[in-house]
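You will see two complexes here that share chain A, one where it goes with chain B and one where it goes with chain C.
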Partner chain A sequence: MKSVKNKQWRLGVPRALLYYYYGPWWEAFFQALGVETVVSPPTGREIMDRGVGLAVAEACLPVKVYYGHAAWLAPRVDVLFVPRLVSVEHKAFICPKLMGLPDMLRAAIKDCPPVLAPTVDLARRPDEGLQAAIRAIARALDVRVGEAAAAGETAGARYREWLARQREAGAWLGNGPPGGCPAGRSPSPGEGQAARGAVPLTVGVIGHSYLLYDRYLGLDIPNKIARLGGRVVLPENLAPEAGERACHQLPKRLYWTLGRKIMGTALYLMEQASIDGLIHLTAFGCGPDSLVGDLAERYAHRRSKPFLLLTLDEHTGEAGLNTRLEAFMDMLKRRRTA
Partner chain B sequence: MKVTFPHMGHLWLVLQTALEGIGLEVVVPPPCTRRTLELGVRHAPESACLPLKVNLGNFLEAKELGADTIVMAGGVGPCRIGYYAQVQREILRDIDCEYEMVVFEPPDVHFSEVWDKVKYLNRRPWQEGVGGVILAWQKACAVDALEQEVQRLRPREERPGQADAVFRRALQGLAAAGNRREINRLVKESRAELAAIPRQPEVSLLKIGIVGEIYTVLEPLVNLNIERRLGALGAEVVRGLFLSRWINDNLFRGLLPLPGHHPEKTAPPFLNHFVGGHGWESVGDTVTFARQGCDGVIQLAPLTCMPEIVAHSVMPAVQQAKGIPVMTIYLDEQTGEAGLQTRLEAFVDMLRRHKNKIVG
Partner chain C sequence: MSAIYLGIDVGSVSTNVVVLNQQCQLLTSVYLRTHGQPILAIQEGLRRVVATLGRDLEVAGVGTTGSGRGLAAVMTGADVVKNEITAHAVAASYAVPGVQTVLEIGGQDSKIIILRQGVVTDFAMNTVCAAGTGSFLDQQAARLGIPIEDFGRLALGAQNPVRIAGRCAVFAESDMIHKQQQGHPLNDIVAGLCEALVRNYLNNVGKGKEILPPVVFQGGVAANAGMRQAFSRALGTEVIVPEHFGVMGAFGAALLAREAGPKVSSFRGFELTEREFRTGGFECRGCTNHCEVVELKEGKEILARWGDRCGKWSNAVAV
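Moving on, here comes the complex of A and B:
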């Protein structure tokens, strides 16, 4: 691919989509191998506009933003790291669009640098799937498989620590949203609630991490609620088992990993008396969310739990969104005093 | 028990035969119309894909005719169709429309899951039931054979619509046919009728391949009869998706020696992995059509269809490498006839100019 020795590649990692789920794993892995990585800056106007221009109009906004990050990195790195994440667990998938991402980028970005796109498919045999992905990276980077496997171990340990920190930092139902998200820009705890003295309204915000933690793309919803005096519970604050258990009441196993996390969180939270309402943040055109979110809304409705659906696209105006949030919080407040 | 099922093109004819063959009383939903679509759209989630909405409309219309059980197909991801039944069940419950649902899909744990459903539905001795299924399969093949001839004839016939009239009559006859001999006779007669249709003097025709998501390709209500429109514009339509092939690929696991899809051979390097639905096939078929000398390709998909968005995204690379123009059309309840017609006319004009330039 390149004349420089593979290990001296500058590897570009787009800060979008699954970076918000697996970023710490990737960074720890490449660090352990001594590969220089460049992570694109947090999403901003310029990156989003580039992505919107490059992607097909029908793609969902997070995918468009991913294009923008990749385009920002393209002239600055030797290789783009775009793993093809087919499945991260037994009998479940991520999303068709993420399965085709490397090919989509190659077709869209002019002068696209080589793409390092290991296929991660754990749907059939979880252990072998991960080993195969690590071997593929080792081959591309020209490092020994043993070395890569050891780096994988290190990365796995770092990743589990990060997950635990996400749960603790939230100390759920307590101190606002969790810290330690990969971007290191965790939403700050809600101010003002202590001053008021009353028990603040507690709102579960469900949605994909790449919307909840990307402050530009996701319009910083968790912090907005905190500023309105609410306490926020995010999917990452829950022990994964809680959501998994809640999902058992579904008539059929949900085969989208991320969708099941959202559904599990929603189902678990709507059973908690301490949760005043739920907000589902989604992107226009998100396939899994269109069904998962609808089911969650129906279940919430049957349990008389207030549920607000916020759909984002490139035309979403912040003022309109603020109004809807304020109205929702007011409604919750009135509901409590009624 | 009165069973019904969702519509998809001519699938009703095949399913009716198979379900009646195992001794069930069948309610065929009324043909898809704007009303079907409106009923579905009213109750379905806004951003769900179009087939879910139309199928929901089918169920509501079949309910009016007294159906109480739905037989449908599912899946295990990553395409949304695998969760249609669950969402539709909750919607029907919320609007107090009672239905039992029997969903056929790849088993989660053990094959007996499928077997139990078959046993639950079957009302006849096994030999008779199998006979009904075989008859249904023969009908599927007959429909596809006739439809391919109609596709060839549409741009060539002198007065547009004659071939379709014969085809419509043949479909009615096939639905009622009770044995193999009748099917063969019907096919033979219809072929003779088609052959007798007066044709235009030899003109240079365009050849357009249709790829995309199977429901939008096969259901004329949602694609607004795109194949007839193209035929009237003087373009011969070819496609890789047919009912019999779909049944063979999906239900019989490709056991029968029919030409199947092999996207793993044709789609790389443009798309190197399966992406659910028919996304991979769309890219692979486009490459195949380019090789076979088609003048252009039209990709059809329901709005927000995930696999087809992936295919759409890589199409620019296919177009450039293979030199074949591709137009992608997303369909939903807002698609208007005039808008579609204009796009088709513009595309056909463009292809014709393109072709003349190459020839001239």
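Moving on, here comes the complex of A and C:
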């Protein structure tokens, strides 16, 4: 690694994939240690095009976009922070494509800076797994383990506050998790609803956070629904236990953490009378999504809850997507008046 | 002078205009090729309406649909702008009350709409593949050297339809060439192609959908008797092709305009056929997204802009 004193590293954090789940934890942690972090800007066309060019063809679009963020950061930082998240909870796992990110990036990016890639594996013993990851970062940064552990406590507290804030929001008002649109058009609360006068249609929008909150990659679907007069409920608005409980009705436990979270949210929401319909946003090429998407759709059909599956890839045309969303909202509206 | 409703469907391949009277009867319909020039197609469509019905028309409402619905709406001053799924469902429900399944195949897209008790309960559109749509059939007819109008009739005369891989337009074509080289008669190949396309449609667009009769088949491809036969065989039920199957989107848009019942239509008048409209585009450099912004101008006046993600340009024009 570079000769600069480790604590003075500029640490690059790609604003993609798991950043949308754990970004606040990471930022608070490094801030507590006094390490400067640079988070890449929100996804835009340049970053996406760059990522699509660099990544292997069979990766899903969110992974490709991650490459774009890493490539943007590469010339601007001393070290890239690409944690290898194997598992974030007991006996459940993160997608293997995400586990392999550090290696794939080193191979794909020309002049790739050193990669700080602590392994996070909580599958067997959650507490020890996290401590081991923090110790690994402490070693790499050359700080005392005690200091890093304290920073971990601070980060954990900040992260839990962030989760609680999201839940309190109840329905999304455009001020969601990290990210945000470069050109910033978030709907003001109630935009598009007042126009219709009636009780707004409530739509559950489910999918990976890195699709729902990345406005470029995810084509800003939550906001589009808000503009069509819908009230949006996102997975982060629910208490995690609600989805976890709903998952018990499945014949078998899903061992992909993110997939189980999506499935649980879907099952919970489709049982709520207040939810008019569900939209599931998936990425083409995502293994877990291909199963969860179909599973969720089948359960929704059995409960006759309107369900729209949208699959994104780099060729997704916005026009076709808008047509589907409009038709879906029309369908919900006409169902209600029928 | 009686009040009429205009429905305009600007699709990738065709632009259709339908005129309904107060009683929802179809007074006239126009079916034109868009030829990539939606503005000219819309103007020509309206010109033909005037040519048939005369100038003495009171337009009580205008509805637009299809992929060019936004453009058409700004140009004509539409009262209702609807996506093509809703428009097709409304039209099918009107033509065949109680319809439970709508199969629609147009120039470049195909969709399935499931209705129960007159309300749409589910739908799907083709996503990544255009095999089986009108454009593909057009192309194959041209390659085989048969007019598209004869395509269906040829298929009906088949004795033993050959099996063709309908999964992909390119593979279907190479499969057809192979069957031709082997010496299969043209009838059997054409019928085999229809069956393959129907299979592809039911497995992709229709995947997981509960297809119950009455089944309505509409869109330009419904003109093809071979496709009609293949659908009714595959589904084991009668397939109803409504009278105005080729212009159902426009029909639905007109019905929706009537349903919306504007007191005064914002229609900009049939004079717009003689005005000069132009579109232009530029790439916005305001942020890293580099959106391709399109603007529609009438003379020097900018009527509308779209294509920007943030709304900086589209909001700058008061519509």
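Heads up, the rule we're going with is that the second predicted complex is superposed on the first by the 317 of 338 C-alpha atoms of A that agree within 3 Å, B and C clash if a C-alpha of one lies under 4 Å from a C-alpha of the other, contacts with A are read in each partner's own complex, and residues count from 1 in each chain.
Note that in this section a contact is a pair of C-beta atoms (placed from the backbone, for glycine too) under 8 Å apart; a residue touches a chain by one contact, two chains touch by 3 or more.
All values derive from a computational prediction rather than experimental measurement.
K.L.:
Does the chain A-based superposition show chain B and chain C clashing or fitting?
P.N.:
On the superposed model, which is not a single observed complex, chain B and chain C fit side by side.
K.L.:
Quick one: name whichever of chain B and chain C touches more residues of chain A.
P.N.:
After superposing on chain A, more of chain A is contacted by B.
K.L.:
Examine A:Lys97 and indicate which partner it touches, taking first as chain B and second as chain C; both and neither are also allowed.
P.N.:
It touches chain B, and chain C stays clear.
K.L.:
Quick one: is A:Gly34 in contact with chain B, with chain C, with both, or with neither? Answer first, second, both or neither.
P.N.:
neither
K.L.:
Contacts for A:Gly53 in the overlay, against chain B (first) and chain C (second): which applies, first, second, both or neither?
P.N.:
Neither chain B nor chain C is touched by A:Gly53.
K.L.:
What is the C-alpha-centre angle with chain A at the apex and chain B, chain C at the ends, nearest 10 degrees?
P.N.:
With chain A as the vertex, the angle is 80 degrees.
K.L.:
Could you tell me if A:Arg84 is touching chain B, chain C, both of them or neither one (first, second, both, neither)?
P.N.:
A:Arg84 contacts chain B only, not chain C.
K.L.:
So after superposition, what is the minimum Cα distance from chain B to chain C, given in Å?
P.N.:
The answer is 6 Å, the least C-alpha separation in the overlay.
K.L.:
Can you list the residues of chain A that meet both chain B and chain C?
P.N.:
298, 311
K.L.:
Which of the residues in chain B come into contact with chain A in the complex?
P.N.:
Touch residues, chain B against chain A: 45-49, 76-80, 82-83, 85-87, 89-91, 94, 108, 270-277, 279, 303-307, 309-317, 328, 330.
K.L.:
Show which residues of chain A lie in contact with chain C when the two form their complex.
P.N.:
41, 44-47, 181-185, 216, 220, 297-298, 301, 304, 306, 311, 313, 315, 319-320, 322-324, 326-327, 330-331, 334-335, 338
K.L.:
Would you pull the chain A residues touching chain B in the complex into a rising list?
P.N.:
My answer: residues 55-56, 58-59, 84, 86, 91-97, 99-100, 102-104, 106-108, 119, 250-256, 284-291, 293-295, 298, 311.
K.L.:
So in the complex, which bits of chain C are touching chain A?
P.N.:
67, 82-86, 109, 117-123, 125, 127-128, 208, 286-290, 309-312
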